[in-house]
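Read from first to last, the chains carry the letters A, B and C; within each, the first residue is number 1.
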Amino acid sequence: MRLHPASVILLGLALCALALLASLAVGVIRVPLAEIAGALGGRGGDSMARTLVLEMRLPRGVGALCVGAALGAAGCLLQALLRDPLASPTMIGTAQASGFGRVLGVYLGFSFGGSVLLSFVMAAAGTLLVLAVSRSRRGFPSQIVLLCGINVGLFFAALIGLVQYASRDEGQLSRMVLLLLGGLWQVTWEPLQFIAPLTLACIALGLLGARRLDLFSLGEESAGRLGLATRRAGPAILALACLLTSLAVSIAGVIAFVGLIVPHAARRIVGPAHEKLLPASAALGGLLVLGVDCIARTVVAPNELPLGVLTSLVGVPFFLYLLRAIARRGGAA
Amino acid sequence: MQRSPIAWVSSIGALALLLACCARQPAAQLAPPQRIVALTVGAVDTLALLGELGRVVAVEEDCFVPGTELLAKIRNDDHAGPSKALNVESVLALQPDLVIAKEDLRPALGERGVNVLWIPQASDLEAIIGVVESIGVRLCVPEKSRALVARLRASAAEIAARVAGRPRVRVYYEAGRPGRSAGRNTVMDEMIRLAGGVNIAGESPLANPVLSSEAIVAADPEVIVLSPWCEPIETVVTRPGWNRIAAVREGRVHVIPERERQVQYPSPSCVEGCARLLVPWLHPEIGGGK
Amino acid sequence: MRLEAHELVFDYGRAPVLAGVSFELVPGRLVGIVGPNGAGKSTLLACLHGALRPRGGRVLLEGRELARIPRREVARAIGVVPQRCEVAFPVSVEHFVGLGRFAHERWLGGPTQADRVVVQACLEELGLSALAERPVDELSGGEFRRVLIAQALAQAPRILLFDEPVQQLDLLHQLQVMRFAREFSRREGHAAAIVLHDLALAARFCDELVLLERGRVVACGTPESVLTVERLRAVWGVRAAIERSPATGAIQVVPMEPATEEDR
C-alpha cells in the first residue's frame, strides 16, 4: 500500500483513539453511550458512569494501548536489528528480567511503585549483561546478541522460579503468578502518568532513527559499508527496545507474542520501510492488546481471563501460520 | 501339655475384641497407628481436636494448629503450586505406620509400601465430617470422632439459628490474589452462607474464580473479607472505582488474622472460625460469638 | 581521490591472510585484483573500505587514516558492490537503492527530494527504472547485481570497489558490469578496483592488475606484464597459453592442463 509515513502515524493515532472510546462502552456493567459522553465531558457528578469510565475503564484502556504500542515497537526494532523474523521482546532477556524485578518486589513486600522501580533496575541489569557479553570491536554481532538475550532470559526465568519457591505464603505466590501471567487488573492513573509519555517518547526516538533500522535489515556488513556506525547504533537501538519492553512489563507483566506477530502483520499492510513500519507496529500492537483486554474482561464475565494467556492463544495460530509461510518459501525468509 | 480352657477363651476373646475394633479396616494393619504423618490441613486439625497429636510424627508444612510447632514439617503441594512438590523420601524416612493424604498424591505415595488413608478434597461441611469419621475409624477412636462430629453439627445449627430471619449480607471474599475468590463447592462459600451471607462469587462452578474489578463493583458487596495474604487494606480500598462499594464506604472491610485462618480450609475448626469471625462481621448487631 | 594501503597484515585467528600488502589506487584507473582462491583478494577489499581492521599496516584515504574517518564520511567517498547481500525483509528496488543515500542524509531524518532525484538517476543509469517497484527478492541474478551497483552509485562515491561482481552472470551482464566499471573509473577524479577470477575480463577491461598469492603482492602492472606463462604456472599451477584476441586486442589466457611438479 502506498502510504505517506505521516498518514500512517495519523491513521494509527486515530484508530487507537477510536478503539479507546469504543472500549469505554465494553464491560460487565452496561453504561449508555450518553452517560459515557457525559462522563468524558466532565459532567455526571458522582455517578457510577463517571467512576466506571474515568477511573476504571479509561486508565485500563490507556494502559492497554501503551503496553501494546511498546511491545509492537520493541518487536519491530528487534526484528530489524537482529535481522530475524522470529525475534521478539521476550527473547532479549528484558521481559524476564523485568518480571524478576516485579516478583522480587512482591517477595520483599515493596509497594507497587517500589516493585516497578526494581523491575526497571533488573531490566537495565539484564540489558547491560547482554551488551557486555556480546561487545565486539568489529561492530554489532546480531547472532551473538540474540543468543545472549535468550540465555539471560533463561537465567532470570530461573531466578523467578527460585523466588516463587521461596515465597512465604500462598498469597505471595498467587500474586507472583498473576504478575507473570500478565494482566491489566490493577492499572491506575498513577504509573500511567510517566509510562505513557515515556512510551511515546521512545517510539518517537525510534522513528527518528528509522533509516538505521532499514540499514540494519540488510545485514551488518552492508549497514557498515553504507555509512552506519553499527558499533554505536546497535547498542542504542537494543537499549531502546529493552526500555520499551520493561515499560510494558512493569504495567502488565509478561505478555508473549504481541512483539512477535504485530510487526509481521504491520509489514503486510504498510510494507517493510521502517518509517512506516514502526508507527504501524506500535498502533497495531496497541489495538491488539486493547482488543484482547476487552475480550479478557467480558467473555467469561463476571470472571476475567489473564491477558498473557489470551495473547498466547491468539498468537500461537498466527505464529504457526508465519512459520508455515517461511517453510513454504524454502527455509530462511 | 494341655492348655486350660480359660486361656483359650481369653485369647479368642481378646482377638475378637481387637478385630471388632478395627473391623471396618480391610488393611493388614491391626494395631492403631502410632507414627502418623498427616499431610493435609484438615487431617492435622482433626487429630488435634481428637486429642491424638501424641501419635503424630510429622505434619504438613503450613499447618496452623497450635501444638504442632515441634513436629517435623513436610512440604507438600496441598495448595502451593508446582514448585513445592512432596518430598517422598522425607516421609518414608520417618517410618510412618499411617500417612493421611489427599487423593492427588496417589502417584507420589501410592505403591510405596506405606499405609495411606486417602481422603477426598472436602468441599463442604458434610465432607469434612466424613473425613473426621474415617480418621476416627482408622485410629480406632470412633467414640471421640462421633463426639466431635456431634459438636460440629451443634455449632453449625447454633450459628444458623442465630442468623435466621436476618436479611442476607452480600460478601466478597478475596483469597490472596486480586480478584480471586471462592466459588460454589468450597468451604469458604459454605461458611459465608452459614453465617447468613451470600458470596458474590458463589455462582461460579470454579473453585477459585478470578472476578473482574468491574464485576466486584457491580455486585456492590456489603462486607469484604480478605485472606491474611491479600494486599494491605489501604491498597485494596483505594483500587479504582472501589470507593463506590458499600463495604468500602462503611468501612466493613475485614482481614482474617493469620492465626485464625482455619476458617478458609476444609478443617473442622472452620465452623468455630465462622462463629468467631464471620458472624460478627456480617451481623455486627448480634455481637460476638461463643 | 587516492586510496592507499601500506603493509597490510590481517589474519583470522592463526591463519595469516594478508602478509604485508601495499596497494595504491589513483584516479582514472580501473585496477583488477586477481589471484588464486584463498589469496586474500576479498580480505584486501574489505580492509580497503574499512569493513575489516588490519592487524598491521594502514589504509589512507586522501592521506588520512581510514580508521579515524567516521563511517559516514567514508561511505560518501567509497562505494562497495558486494558479492552477496542478504535481505531479511524484501523491499522494493527503489527503496533498496535509496538506502545508498543514507550517508548523505541528515543525522535524524530521512531522504529529501534531492536524494530521490539522485536515486532516480542511478536507476536510469543502470536500466532499472522499469523495476523500481519490484521487491528485490524477485529479481534475477543479473538484475540484482545491477541493483547493488545502483545502490553503491547512489552513495555518489569517487571510488567504487567491486567484489567478484561477474560470478554467476551471463555473458551480456558480465559485459555490462565491466563496461560500467571502466566507464566509472574514467570519470574525473574517480577510480575503481575490481576483484576478479575471470582473467580474460581482467585483461581486457583493467588498466592495471595486482596479483595476490597467499597474502602477498607478487606482481603489479599492465595485464600483459602480469599475466605471463611463467606466472600462470607458478601462481595458479596451470600450464596455459597466452593469446592475443584479434577482435579486442586484449590478451587471453587459455588454460591447457595442470602443471606438473617439475614445471613448478
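Note that in this section a contact is a pair of C-beta atoms (placed from the backbone, for glycine too) under 8 Å apart; a residue touches a chain by one contact, two chains touch by 3 or more.
Keep in mind that what you see is a predicted model, and the values were worked out from it rather than measured.
Engineer: Please indicate which chain is farthest from subunit C, where distance is taken between mean Cα coordinates of the chains.
Structural biologist: B
Engineer: Hey, which chain is the most central one here, using CA centres?
Structural biologist: A
Engineer: How many Å are there between the centre of subunit A and the centre of subunit B, using C-alpha atoms for each centre?
Structural biologist: The answer is 43 Å.
Engineer: Once you find the CA centre of subunit B and the CA centre of subunit C, what distance in Å lies between them?
Structural biologist: 82
Engineer: For subunit B, what residues touch not just one other chain but two or more?
Structural biologist: In subunit B, no residue touches two or more other chains.
Engineer: Spell out the residues on subunit B that touch subunit A in their complex, using ranges where they run on.
Structural biologist: These residues of subunit B touch subunit A: 62, 79-81, 83-84, 175-180, 201, 204, 206, 209-215, 217-219, 227-231, 235, 239-241, 243-244.
Engineer: Subunit B touches which residues of subunit A in the complex?
Structural biologist: 27-29, 48, 51-52, 55-57, 59, 111-112, 161, 164-165, 167, 169-175, 177-178, 185-186, 188-189, 297, 301-306
Engineer: Sort out for me which residues of subunit C touch subunit A in the complex.
Structural biologist: 49-53, 70-72, 74-76, 79-80, 82, 85-92, 95, 99-100, 102-103, 105, 108-111, 151, 155
Engineer: Which residues of subunit A touch subunit C in the complex?
Structural biologist: Residue positions touching the partner: 5, 79-80, 83-85, 137-138, 208-211, 214-215, 217-219, 221-222, 224-229, 267, 271-273, 275, 333.
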